[in-house]
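Order of writing sets the chain letters: A, B, C and D. Residues in each chain are counted from 1.
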Amino acid sequence: MARLSLSTPLDVRLLDKGMSVGEALAAFNATHAEAGGIATFLGKVRPDGEVRALELSHYEPLTLAGMEELAGNARERFDLDGVLVWHRVGVMVPGEAIVLIAAAARHRRSAFEAADFLMDHLKSAAWFWKRERRADGWHWIEPRPEDHEDRERWK
Amino acid sequence: MARLSLSTPLDVRLLDKGMSVGEALAAFNATHAEAGGIATFLGKVRPDGEVRALELSHYEPLTLAGMEELAGNARERFDLDGVLVWHRVGVMVPGEAIVLIAAAARHRRSAFEAADFLMDHLKSAAWFWKRERRADGWHWIEPRPEDHEDRERWK
Amino acid sequence: MSVTILFLGPLRDLAGRQEIEVDAPLDWAGLLAAVGPEVAEQLEQKRVNVACRGRVRADKRALLAEDGDEVALLPPVSGG
Amino acid sequence: MSVTILFLGPLRDLAGRQEIEVDAPLDWAGLLAAVGPEVAEQLEQKRVNVACRGRVRADKRALLAEDGDEVALLPPVSGG
């Protein structure tokens, strides 16, 4: 396993099909063998009764650049050895992975805080537009007020 | 991949040899397909100049029971779909995994907090005795005051 | 001698298409005229941004797109 | 007719061995006598716990181990 090759210190990707989470984390772990702690988060489409599919659209010149800038900021702020930020675009069904992030640090507190920071920013400030397909068709989604509040914590 | 079979909702293990982190997380992800978010933490032996090896000893009737109780508490407190707590015992060298935890929850905040809670308790309150081998021999380690403070946050 | 205008997210539905090609150069007044009244109304709102050549304009009203440029119309993001 | 006493963590070094077998029954005074003065001094400290049959005793001085029991001497944990 773990034949996947990652860029260091930042590996930032927009993916238009499913990701192999175990393989990605095995590779991240192998790449950052010297880090004391690695915190990760995997976000998936929740099987929420009504939602049959989710579509994320993006504008690559902004979306990817924004994710790279975010990963770089996290690395500096939390003194990380490495950061992985992978985000799906396109149509996903419940149970599919939307986002995978990982932060490698000397100490666990930095790794946890970095993972939290990355997710709070991705959930409300990244250049994505999301819509859900329900029984009656597609509906555009805006961030919940909590998502903005979560991000405000880091100001 | 992910042919590993996990117990649900709690999978708690003491391991006397290395763990395959990618495989474990792929299995955890597959087992908790319905969870919106999965937070994980992997702790490794840091290559800290002097330390050549680390030995963790345990007393299984207490150590494993304590980990199971901790996993159950986390599940209840953070309303988790599932918890994985794996801990190495025996002699490890720098770069080797010591601990792997994962928390699957409906919302990311619960998953993050559960992971943080699990680690704070494992680092200071679990039934392990740790010693490090340096150039001049083995040295027993006690938790740092910060470790106890980290745990106090959850009281 | 053309500029591509991209409609992102919900603006795509409002415009009924993903992109249009218009003659260069394109300024703010030209953009409003080109996208139709419904999208134009959205563009007037502060929360809708405009990018040109892959960068968000600090002052969208000062837009001046030239031949070969891509202008992206960016409604508020949903996040990932 | 014996009780096993297990020395955990640093107490293992202090005792110079991992375990000893002693005659049952075993009470607190018997335990202190069996483990030698250095370990006994540690046992008197509040931060050292005693488990019997896999459970930590709330009051270690009330220990009464019977034939076949395992008594574990538990110094302060290091954590994982």
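The working rule: contacts are C-beta pairs under 8 Å (C-beta built on N, C-alpha and C of every residue); 3 or more make two chains touch, one makes a residue touch a chain.
Quantities reported herein were computed from a predicted structural model and do not represent experimental measurements.
When every step has to jump to a touching chain, what is the lowest number of steps that links chain A to chain D?
2
Can you give the whole-Å distance between the Cα centres of chain B and chain C?
50
Where the CA atoms of chain A average out and where those of chain B average out, how many Å apart are those spots?
23
Based only on mean CA positions, could you tell me how far chain C sits from chain D in angstrom?
Chain C and chain D have C-alpha centres separated by 77 Å.
Approximately how many whole Å separate the CA-defined centres of chain A and chain C?
So the centre of chain A lies 27 Å away from the centre of chain C.
For chain D, jot down the residues that touch at least 2 other chains.
As it turns out, chain D has no residue touching two or more other chains.
Provide the list of chain B residues touching at least two other chains, using ranges where the numbers run on.
If we look for residues of chain B contacting two or more partner chains, we find 43, 123.
Just spell out which pairs of chains touch, all of them.
Per the contact definition above, the touching pairs are A-B, A-C, B-D.
With touch defined as at the start, can you tell me which chain B residues reach chain D in the complex?
Interface residues on chain B, with respect to chain D: 43, 56-57, 59, 61-62, 65, 87, 98-99, 122-131, 140-143, 147.
Of all residues in chain C, which touch chain A in the complex?
Residues in contact with chain A: 6, 8-10, 12-13, 51, 54-56, 72, 74-80.
Along chain A, where are the residues that touch chain B in the complex?
The contact residues of chain A facing chain B are 1-2, 20-27, 29, 33-47, 94-95, 97, 106, 108-109, 111-112, 115-116, 119, 123, 150.
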